[in-house]
Amino acid sequence: MQSYVPFVMFTAIGFAFIFVTLLMARFVRPSAPNPNKQETYECGPVPVGDAWNQFNIHYYLFALLFVVFDVEAAFLYPWAMAFRMFGLYAVVEMIIFVALLGVGLVYAWRREALEWE
Amino acid sequence: MPLTSTEISSPGMTINMGPQHPSTHGVLRLLVELDGEVVHSCRPVIGYLHRGLEKMFEARPYRQCIPFTDRLDYLAALNNNLAISQAVERVGNIAVPDRAQYIRVMLCEMNRIASHLVFIGTYATDIGATTVFLYAFRDREKMLDLLEMMTGARLTYNWIRPGGVPTDLPEGFEKAVRSVFEELKVTLDENNRLLTGNRIFRVRTEGIGVISKEHAIAWGATGPVIRGSGVPYDIRKIAPYEVYDRLDFDVPVFDQGDCMARYLVRIEEIRQSMRIVEQCFKDMPEGEIMTKMPKIFRPPAGQAYSRTESPRGELSFFMVSDGSLNPVRVHVRAPSFIHLSMLPDLLKGVKVADVIAILGSLDTVLGEVDR
Amino acid sequence: MSVRVYTSSKSYRAGQFFGGLIVSLIIIAVASLLPLLPWYKLNPVLDFIGLHPWLNAFLKAFVVVNFVALHVLFLIWLERKFAGWMQARLGPKHVGWQGLGQTLADAIKLFLKEDIVPAKADRQLFAIAPFLSFMPTLLTFMVLPFSAAWIAYDYDLGALFVVAVSTNVALGVLAAGWGANNKYSILGGARAVAQLLSYEIPMVMMILAVVTLSDTMSMKQIVLRQAHMWNIVAYWPVMIPAFLIFLTCALAELNRTPFDLPEAESELVSGFHTEYSGMRFAFFYLAEFANNFFSAGFAVTLFFGGWYGPILPPVVWFTLKTLILICVMMWIRWTLPRLRIDQVMGFCWKVLVPISLVIYCITALIALK
Amino acid sequence: MGVKEKSVTKEEMESWRIPIPGGAAIIAPVERIAQWARKNSLWSLTFGLSCCAIEMMSTAAPRYDLDRFGMIFRATPRQADVMIVAGWVSVKMAPYIKRLYDQMPEPKYVIAMGGCACAGGPYRDSVTIVKGVDHFVPVDVYVYGCPPRPENLINGILKLQEKIASEHVLTRNGDRAPHREPIIIGENA
Amino acid sequence: MPTPEAISKLQQLFSETQLKVDWAVKDLILDVECDTFKKLCLFLRRNTDFDCDFLADITSWDTGESFPLWYRFHSMSLNHTVIVRTNVPRDNPIIASVTDIWPGADWLERECFDMYGIDFEGHPFQGDLAQMRILMPKDWDGFPFRKDYEPVFSGDPLHGPQERN
C-alpha cells in the first residue's frame, strides 16, 4: 500500500491545484452573461443543428486497431522483464507473436481499413 | 471489399466556416455539410462586404470613381486603377503617352508581386506553415516601400488615372527597385525551398482540387487558376494592352490543375514580373506622362470595356456613357467572383482540411467578390 | 520626399544568424541557471527522508506542481521568443526584461477573465476536461528523474506507468471536444483521439525497446545504465531510428505542427478548446507545455543519458538537454506545414507501426547478447 | 438603436467592486497588478473584413510585430480580449459582428480601425453600409485613416493600453459602458 | 475576329440580328431580340467557326425603359471575342438562362437578378427569391440597382437598409 501514497498525493494535489485556482478566479472574475454569449460559437452565424450526432465509422476502426496493439504492448512489457531467463527461445517466440500482429496489420491494410475514405 | 462500408451513412453535420474564420480570406461564409471528415456539399454565401459600389459609380464623375477601385481588390489596387482608367480612356477616346504606359505597366507588375507575396504567405498559413507567412510579409514590406516611394501610399494608391499617371519616377527609384529585387530573388528562392521542396506541402497540394482544362474554361476561370490547368490564357499576351506587346516575358502554364500548379504559376509570375519591371526601366522613353484632359470630362455616349490581367485573373470594367458627367453603368468583372462560383463543384468529396487548401489556392479577395 | 528602403546585405544576414545563435545560447544559459539556483540547494531538503510518508509525498507533489507551473511560464516565453527569432521579428519585448513578464501577464489576465460555459454544453464534461488533461501530465512528472536524488518517486514500473497515465490525455481532449457541443470542438476532439491513440503505439514500442535494453522499467535505473554511454550512442543502429520515431510520436502526442490537427487553426478555429475561455483555457495551455517538457525530458531519460554530464550539476545537465530538445521541437513546429488527418493516420499505421515492430524485434535480439 | 448609455451613480459603481477585506490598501496594489496584466496581454480576435485587415496583418508581420506588445491573434472570440474591426461593415455583416462581440468574455475592448469602421468612410452614402460600428458595439479606440498605417494602429493599441491601465478593473459587473471615453486617433485625417 | 464566311453564315441564319464590328478592339457585336437569344448562344457555342467556349461576363443596366443585357464570349481556340446584346422589357424582365451552356453563368445571372430583378428562365434557382439573392441579404426589399429604387429605411443597423446621413 505504501507505494501508492505518492500516486494518491499527486492526484490530490493536482486536482486541488486546478480546483483552487478556478475557485479563486471565481471570486475575482467578472461575469456578465447574455443569451448571445451563452450560445455555441460558430463563426458568427447561429449554429445549424446540433453538434452531437453520429460519427463516422473510421474513427472506430482505428480505436479497435489501437486496442489490439496496445494489448500487445501490455503483454510485451512483462516479457521484456523476464525474457533473459529463457534466452533465444523467448525472443523467437516474441518475434512470432509480433509477426502475427503484423499479419493482422497487413490484413487490415489490404482490406483498406487504414484508408480514411 | 473494403472494411469501411460507405452504406452506413451518418446524418450530416452542417458547419459554418466564416464569416469570421481564420482562413476564409475575408468574410466568405461556407456552409459545409460534413460526414465525419468528408465534405458532402458546400455552399458559399457571399455579400458580407457588399456596398453597392457599381451603384455608387453612377453618382460620381468618371475621375472620382478611381479611389473606389482601390478598395475592390485591395491587394492589387494599381491593377484596378489601371483597369478603370482604360475603360474611361476607351469611352472618351483618350490616348496615353508612351512613358506613362511604361510607368503604369511597371507599377502594376510591382503590385502583382506584392499581391502574390500575400498569396504565398496566406496560403502557407492555410496549410499550416506560419513562418512563411511572416517571411512573405517581410518581403512584401519592401515592395510596399517602393510603391510608397512612387505613389505616397501603402495600400490604396489612387494613382493611375485616365490619361496617364500624375507623377514621374522619383529620384533614385531605379536603384531602390534593383536592390530590392536582388534581395527578393534570394528570399523568393528561400521561401520556395521552404514550401515547394517540402514533402508535407507537396502531399497537401498535389492532386488536390484538380480543375480540368474543360472545367476551367466552362466555368470562366482566369488568371493563375486557368493557367494552372494548362490553358495559356493571359490577357497580357492574347489581347495586349499598354506596352505589353513590346515587352518580353513568358506566361507560366502548368498542366496539373491542382493546388500545387496554381501555387507554382504564381511563384513563376513573380519572377516574370521582375523581368518585366527591369525591361521597363531599360526601354522607357522620355516624354510626357499625362495627356491634357478637359477640366470637365464628358465622354461621348457609348459603351466600352477594358480587359486587364490582374494578379487574380481577368479584371474587366464595363462602362456605359450617355454623354453626361457620370457614367450610366459601371460593371466590374471580378475574377475572384467567378472563381468562387466554382467552389461547390471543387469541394465535393474532399476532406475538411482540403477545403481550406483549395479555397486558398484560388486566392480570392472578398472586396472584389462582393463589390 | 524620400522613403527609407530597407536593405539587407549578406553580412547583415550572417550577422542575423550569429546573433540568433548567441541569443539562443544565452537563452539556454539562462535556462540552465534557473533550475540551478533553488534546486541544487533544495535537493537534500526536498528528499525529506525522515518525514512521514504522507507528508513527504505531499511536499513533493506541492513542489512539482509549482515547478511545472513556473517552468511552463518560462517555456511559453521561450516558445514565443524562439518563434520571433525564427520569423525575423523580435517577439515579446516590452513586458519585463526582454518580455520575460509576458507569460505572467497572460496568466494573470486569464485568471481575471470571464469564464463562459455555453448553454448547450454538457456542463460536467466541460468542467472536468481541464482536470483530465492536466492531471495525467502532472502524474508523469512524478517519475521524471532530474537527477539521482531529485526524483519525486522512483517507481519501479516507471516506464509502464508513464505509458499508462499519459494515454489519459486523450480522455481530457475528448471530453473537451464532446462536452462543448461545438462542431469544431467535436471534430478536433475526434481527430485528437484518433491521432493520440494511433501514435501511442509506435511510441510505446520504442519505450519498450529501451526498457528491453536496460532490463528495467524504473526511470532512475534506465539512466543509471547509461552512466558510461548514452543509449543512442551505445546502440546507435537501433536507437537512432528509435529516437526519431519517438520524437515524431511525441510531436503527434503534443499536437505540434506537422500534427497539430486537433487544434488546426486554419480549419477548426481552435479545435477542441474553441469554447474554453479564461482560466480553464489556461489549463489546457499549461498541460500542453508541461507535456512538452515531459516528452523532451522523457526522451532525454531514454536516449540521452539523463542527468549525466561533466562539470555542471546533474539537474542542470538534465534541464539543459531537455531544453535543447524542446528547442528542436519548436524548430520543427515553426518550419513545417500541417498534414491532413488521413495522411497523419496513414503515416502512423503504414510507416511507423511496421518500422517500430521491426526495430523492436532487432532490439530484443541485441538485448539478448 | 446604438449603444445604450446608462447613467450610474458613483455609489452604484462602487457597489460593483468586489469587497475585499482590507479595503483600499489591498485593492490598490491588486488592481494595479490586474491593470498591468490586462494591458500587457491584449489578445486580438483574428477577424479582418477588408483593406484594413491587410494592414492589420502587416502590423503583425515582422517589420511592426505586434507580438512585442504581447498581442497575439486568437481565432476564437472566447479567448480574445480585443476586437479590431478592420474594414467596412455591411448590413449583412453587422449581426455577426454583434454576435462575435457578445461572445467575447469580459473584459473586452473594441478598436474601430479605418474610416469605414469608425464612421462609414468613403461608403457613407451607400445604403448597405453601417455608418460606424459604434451603432451596435461600444468602441474604445477609433483609428482613422483609409487604411491607417501600421504605426497608426500601434498608436491606437498603445492608447488602449493606457486606457486599460487607468480603469477600475475589479468589478463583478462586466458592463463597463459608463467608463467608456473613446479615444480618437487622427480624426482630422 | 471570326472569318467573313462565318459571319455571313451567321447573318443568313439569324437575319434579324444586327451585326456590328467594334474596330477599336476588333470585337464582333451582335444585337438580338430576347426570343432568339438562346438560339444564338447555342450557335455561338457549337459552331466551330465561332467556338465561344468561354463566357467572360454578363451584365445589365437600367435605361429607364428596358434592361439591356450584355454578354461577352471568348473563344479560347480562335482567340476572338463576341459580344451579344439584348434587351429585356422592364415590366416583364425575363430571359432564357445560359447556365446549361456555360455553367459559369450561374453566379453572374444571380447577380443580375439580385440587382435588377431580371428573371432567368431555366436557372437552377429560378423563382426562388431567397436562393437567387447573392450579394444582398435574403430579406432585402426591392432591387437596389434599378434607377427608381427607393430604400425603405429601418433605422436599425442590424436589420435592413441604412439611412443616408
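Structural remarks
Which chain is which? They are A, B, C, D and E, in the order written, and residues in each are numbered from 1.
Basically, contacts are C-beta pairs under 8 Å (C-beta built on N, C-alpha and C of every residue); 3 or more make two chains touch, one makes a residue touch a chain.
Here the structure is a predicted model, which means the values were calculated and not measured.
The chains that touch chain B as well as chain E are D. Path length between chain B and chain C in the chain contact graph, taken as the least number of steps between touching chains: 1. Of all chains shown, B has the CA centroid lying nearest to the centroid of every protein CA atom. Highest C-beta contact pair count among chain pairs: A-C.
One inter-chain figure worth recording: chain C and chain D are separated by 35 Å, centre to centre, where each centre is the mean of the chain's CA atoms. Chain A and chain E, compared by their mean Cα positions, are separated by 58 Å.
Each chain gets one centre point, the mean of its Cα atoms, and the points for chain D and chain E are 45 Å apart.
Our note on geometry: chain A versus chain D, Cα centroid distance of 40 Å, whole angstroms. Residue positions 61-63, 75-78, 92, 95-96, 98, 100, 103, 105-107, 125-129, 170, 174 of chain D each touch two or more of the other chains. In chain C, the residues touching two or more other chains are 6, 87-89, 111-116, 183-184, 190, 265, 269, 274-275, 278, 341-342.
Among all residues of chain E, those that touch two or more other chains are 136-137, 144.
Inter-chain contacts occur between A-B, A-C, A-D, B-C, B-D, B-E, C-D, D-E. Considering their complex, residues 136-137, 144, 151, 155-162, 164-165 of chain E touch chain D.
Considering their complex, residues 1-8, 83, 86-89, 183-184, 187, 190-191, 257-258, 260-261, 264-269, 334-343 of chain C touch chain B. Across the complex, chain A is touched by residues 53-54, 57-58, 60-62, 64-65, 69, 111-121, 130-131, 134-135, 138-139, 142, 152-153, 155, 160, 163, 178, 180-186, 190, 193-194, 197-198, 200-201, 204-205, 208, 211-212, 215-217, 269, 274-275, 278-280, 283, 341-342, 345-346, 349-350, 353-354, 357, 360-361, 364-365, 367-368 of chain C. Listing the residues of chain A that touch chain B in their complex gives 42-45, 47-49, 51, 53-59, 61, 108, 111-113, 115-117. Those residues of chain D whose C-beta lies close enough to touch chain C in the complex are 33-34, 36-38, 40-41, 61-63, 65, 67-70, 72, 74-76, 78-79, 81, 103, 105-107, 169-170, 174.
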